[in-house]
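I've put the structures underneath this note.
Here come two complexes built around subunit A, the first alongside subunit B, the second alongside subunit C.
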Partner chain A sequence: MTFSWLRKPRRTFFLYRRLFGAQLKAILEYQSDFYIMIVSAVLTQLLGIVFLWVVYNRIPDINGWTFWEVVFMYAMVYLTEGFGSLFFEGTWRLGRIVNNGELDVMLLRPVSPILQVLSYSVGMNGLGNIVIGIIMISQALIRMDLHWSLGKIIIAVLLVVTAILIRVSINLAANTTAFWFKNAGNAFPMMIHNLGEFAKYPITIFSLGVQLLVAVLIPFAFISFFPAYYLFDKSSAPWFWIACPVAAIYCAAVAYTVFHFGLRKYESVGN
Partner chain B sequence: MSFIEIRQLKKQFRQAVKSPGLAGAVKHLFSQQYVDKLAVAGIDLDIEEGETVAYVGPNGAGKSTTIKMLTGILVPTSGTVRVGGIDPFKNRMDNARTIGAVFGQRTQLWWDIPVSETFSLLKDIYEIPEDRYRRNLDQFIELLGMEDFLHLTARKLSLGQRMRADLAAALLHNPRTVYLDEPTIGLDIAVKQRIREFIKRSNKENGTTIMLTTHDLGDIEDLCNRLVIIDRGSLIYDGTLEAVKNRFARERVIHCQLQHADIPALHDTFDRMPGVAVESLDAACVSLRFDRFKATASEVISAVMLHGEVADFRIDEPGIEHVIKQVYERQLDLEDGHALAAAGTEAAGA
Partner chain C sequence: MKARLFRSRRAYMSLAVRNMQNALAYRLTYIMGFIANFIVLIAMYALWSTIYEGRDELAGMTWMQMKTYLLVAFICNAAITFYSETRISGKILDGSVSIDLLKPLDFQKARFAETLGSTVIEGGLTAVIVIIVLLFTSGFLKPDFAHAVLFILSLGASLFVKFGIVYLAGLLCFWTTGAVGIVWARMAVTSLFSGSLVPLAFFPGWLEKLSLAMPFQGIVHTPAAIYMQQLTMTEALGAFAAQCAWAVALWYAGKLVWSRAVRQITIHGG
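Our next item is the complex of A and B:
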């Protein structure tokens, strides 16, 4: 049973594609307002970049980090948020799924409930975040005039993947608290989500407590700060990037474990 | 070992106790109080493969909780459950492949997806071979009359259509065991019939084990050869429906249409006749309730005919609903098969 859906990655991917595809089709057919959500997401994120630009007009760097380096961190936060919304919006619906007993139906099926939760919904606003994130990341990488090798390109792609995995795992773990906090408006996941704001800046500007929080306890820093640290050659240790996939595995394992603890706690709902 | 084996099964829920109002909510914030509610209080039950079992009880008796433990949705507080040798919670996925379930109050269809697309998703989820999928689907569409609404999303279905689609979805992969939690709730008689026929057929042709909870006693009479009654988390009856009927459905009501009746004399007669009680009596009609172990129908009719002319008469048997209602209300003690204080009987005996 443990990790059984990981052992069959092809089937897992196939089922995800089928379940997600069905939801996507439904949204495209029945909801025509999603482009408004996409545009509003783009505008929100552009506003953040404008704010950053204004700040950097007055000061040359923050703690040794220049404008485009911080833009990269901003954009990694957007990009992962976008992937989390577009493909794994279901994590944000977990509270509802648990509280109204929809989880019953998921548990009746021979498919991992985590997979079913992840593919439960489509957040079209994520598309805006992804687009703006990709534009900003490529701009930052071009402007910083980095030395690229094949190895570095592969690692860069891997760091984006691990960043998405970390983001989705944190979303899932935070929303899994729905098994314990049974009120409809559980604010805890949103609070955790907002801690991600810290990861838009070089964490060295914060106090030690905040640094420990976003680098160890809820490792948002591995989404943005540590990849930037590697890509912009801030570190003298070349193997430093390995910490990112390790953090990703840690997050996924915690989310998986917490979810299965939650399942034991699940009480369904009366009829 | 039985196909479904339940041993000393218990499920305890923890409920928060909140005083009413804002003050209560604030108080709850600081000192949380809970009560433990035993929803299932130690059940032992064996079900063989191919049986059709009605699992019956009043609201809150623990029916749905038992079913949720059998399907692996809930983990038991204590005791064991085995379905085909599998622990449904620990090996939930293995169990899920071999079961189907319909929860009448909740759909397993996807709200925004057409019914036909839902079936196709289920085919991939359960890895149903193409030929069997085609065969089952064609048959189900015909038997359940689903042609008209296959292209609609679940959101747009009427209750009856939704329930039929749900039933088809639950049986598409030929499950060995099917749990039906109030599958006919709120449906009209035509749809009920269709659903019952469908369930019966699945049991006959595939030997599917069926466990059914219902408040509709027509479902029980029509579908189930075994009746299990549960109340307050414990089993209070396990046996055939026939046995319950024979033992407890001992009252009959006889209705006579009268001409030229001597009403005072009729009153006088039946007040003195053991096992008979007057339900209603006027110049045109008399209704008499009698215990068939104390008086026969012909005795009652003869007595009526002494004091008036009987133009027509009808005898009502009590429905099984009446009997089960008495069990719920603890008027009948099933343990020793003794009818206790059923209102009519008592009046008749007086």
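Our next item is the complex of A and C:
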């Protein structure tokens, strides 16, 4: 009964839209918060750009990567974070949902609990991240003077979609640990989230262990590094972009399975 | 009068101790928070080491100075954790500030005592680990005795300055309904102007001057400059004095804002 939503994508989308809409209305009640969240996200993101700007003022490239190429990677990290916050902020509330016993309410409703968790909250900061992210990505792609074909445009769009899927799946899987760590708050998912730091720079500058970690185990590198590698024609093997959707499927499957295990292990906190 | 003073000091002490115990109770959270910050440090370390490949110096700093700087900045940033910070705004947002108003304690001093309590455990442990690494492994700069002493004092002053800024940002929550946005914005501004993002020497001249004119530099730039002996003893003493002056100014600014902010309280229900 629980996972029938995979078979009914239209109904799932409809339900998500309704749940999201309800949360959005609640958020918009507090207008000053709305603006503060957006401004804070923009500030945080500009900070990263200022860092790169200051560094690249002194040197021409980092390990063969130029300013706009690294800006693209930064922007991909923030853009996907933005989508995660704006549309799927609920993943970050899973700890609270489990600890407060709100999951009981969700389990009683005839709607998939995963969908309810994803749409539990709206992070307005995401809007700031998405806007600045899109500006930065388009600037980077324009300045780099790339050769575009229809195929490349389609693949570029696909890579953004898979990047978002990877990010949200990692968020969900990391936060699902709330089913096991009863009292750790957000510390564990935050730790996993920070691994995304490695995805802001070309992973070739890191040690082999770090490379394996972010390219295989927790594939943050597929959010930014590998798309950049493909789009900026750094690879001699043009087909390797296929690895990105594969990584996305892997992440989604892991997140789904972990969540499923968590649910089965779940015991209500009682009242 | 004296007895009352003593009694209230004991109350603040017990707040600090309670938060120390709290920090110890949530060991796992602390360790994971430490690893989370450590990941950022590793990323920055690898990045800078790549940047320095084939270069002797950048913005007047050698690779040895840069890696020392990264570790010293790591200590300074560990002083007040995200959890300590959101505890202050949390009190305002969830309304428990109204109970604090009934207590015969000064709100600012009480929050400082709490922050100090968690910092002793959380920041203290980081400081000890990193200082051991700095002193006993080769490849890092080591200060002479006088600068080392002044560095420790400056680290203490850094905590005061940071608390002043964190507290002021926390009080803004009297006018808003959420804390996270304010904390993030505060972190971004602090990171830029304190020297935590990049040493201030890397900035273009105007931005460096601007940063040096603000209190944020006291959080990372001043202690790091003292540790690395970029300042003569007289200059270092001057920088330390400036740090202390900012700490005091921020403390009184906190008092001023509090007296205005407290009028904003709306208490629902009863």
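Keep this in mind: the second predicted complex is superposed on the first by the 263 of 271 C-alpha atoms of A that agree within 3 Å, B and C clash if a C-alpha of one lies under 4 Å from a C-alpha of the other, contacts with A are read in each partner's own complex, and residues count from 1 in each chain.
By definition in this document, a residue touches a chain if its C-beta (ideal position, glycine included) is under 8 Å from a C-beta of that chain, and two chains touch if they have at least 3 such contacts.
These figures come from a predicted structure and were not determined experimentally.
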Clash or fit, subunit B versus subunit C on superposed subunit A: fit
A:N125 touches, of subunit B and subunit C: first, second, both or neither? second
Which of subunit B and subunit C A:Y30 touches, first, second, both or neither: both
Which partner, subunit B or subunit C, touches more subunit A residues: C
Touching partner for A:E267 - first (subunit B), second (subunit C), both, neither: first
Once both complexes are placed on the shared chain, angle at subunit A toward subunit B and subunit C, C-alpha, multiple of 10 degrees: 90
Which superposed partner A:A237 touches (first subunit B, second subunit C, both, neither): neither
Touching partner for A:N194 - first (subunit B), second (subunit C), both, neither: second
Which of subunit B and subunit C A:F51 touches, first, second, both or neither: second
Contacts of A:L150 with subunit B and subunit C, given as first, second, both or neither: neither
Which of subunit B and subunit C A:A22 touches, first, second, both or neither: first
Subunit B versus subunit C as contact partner of A:V210, first or second or both or neither: second
Gap in Å between nearest CA atoms once subunit C and subunit B share a frame through chain A: 6
On subunit A, the residue positions that both subunit B and subunit C contact, one per complex: 30
Subunit C residues touching subunit A - in the complex, by the definition given at the top: 26, 28-29, 32-33, 35-37, 39-40, 42-43, 46-47, 49-51, 53, 55, 58-59, 175-178, 180-185, 187-189, 191-192, 197-198, 202-204
Contact footprint of subunit A on subunit B as seen in their complex: 13, 60, 64, 68, 71-75, 90-94, 96-97, 99, 101, 103, 105-108, 110, 112-113, 117, 121, 124-126, 153, 181-182
Touching residues on subunit A, where the partner in the complex is subunit C: 30, 32-33, 36-37, 39-41, 43-44, 46-47, 50-51, 54-55, 57-59, 62-63, 125, 181, 183-185, 187-188, 190-191, 193-195, 197-198, 200-201, 205-207, 210
In the complex with subunit B, residue positions of subunit A that touch it: 1, 4, 14-15, 18-19, 22-23, 25-27, 30, 101-105, 107-112, 263-264, 266-268, 270-271
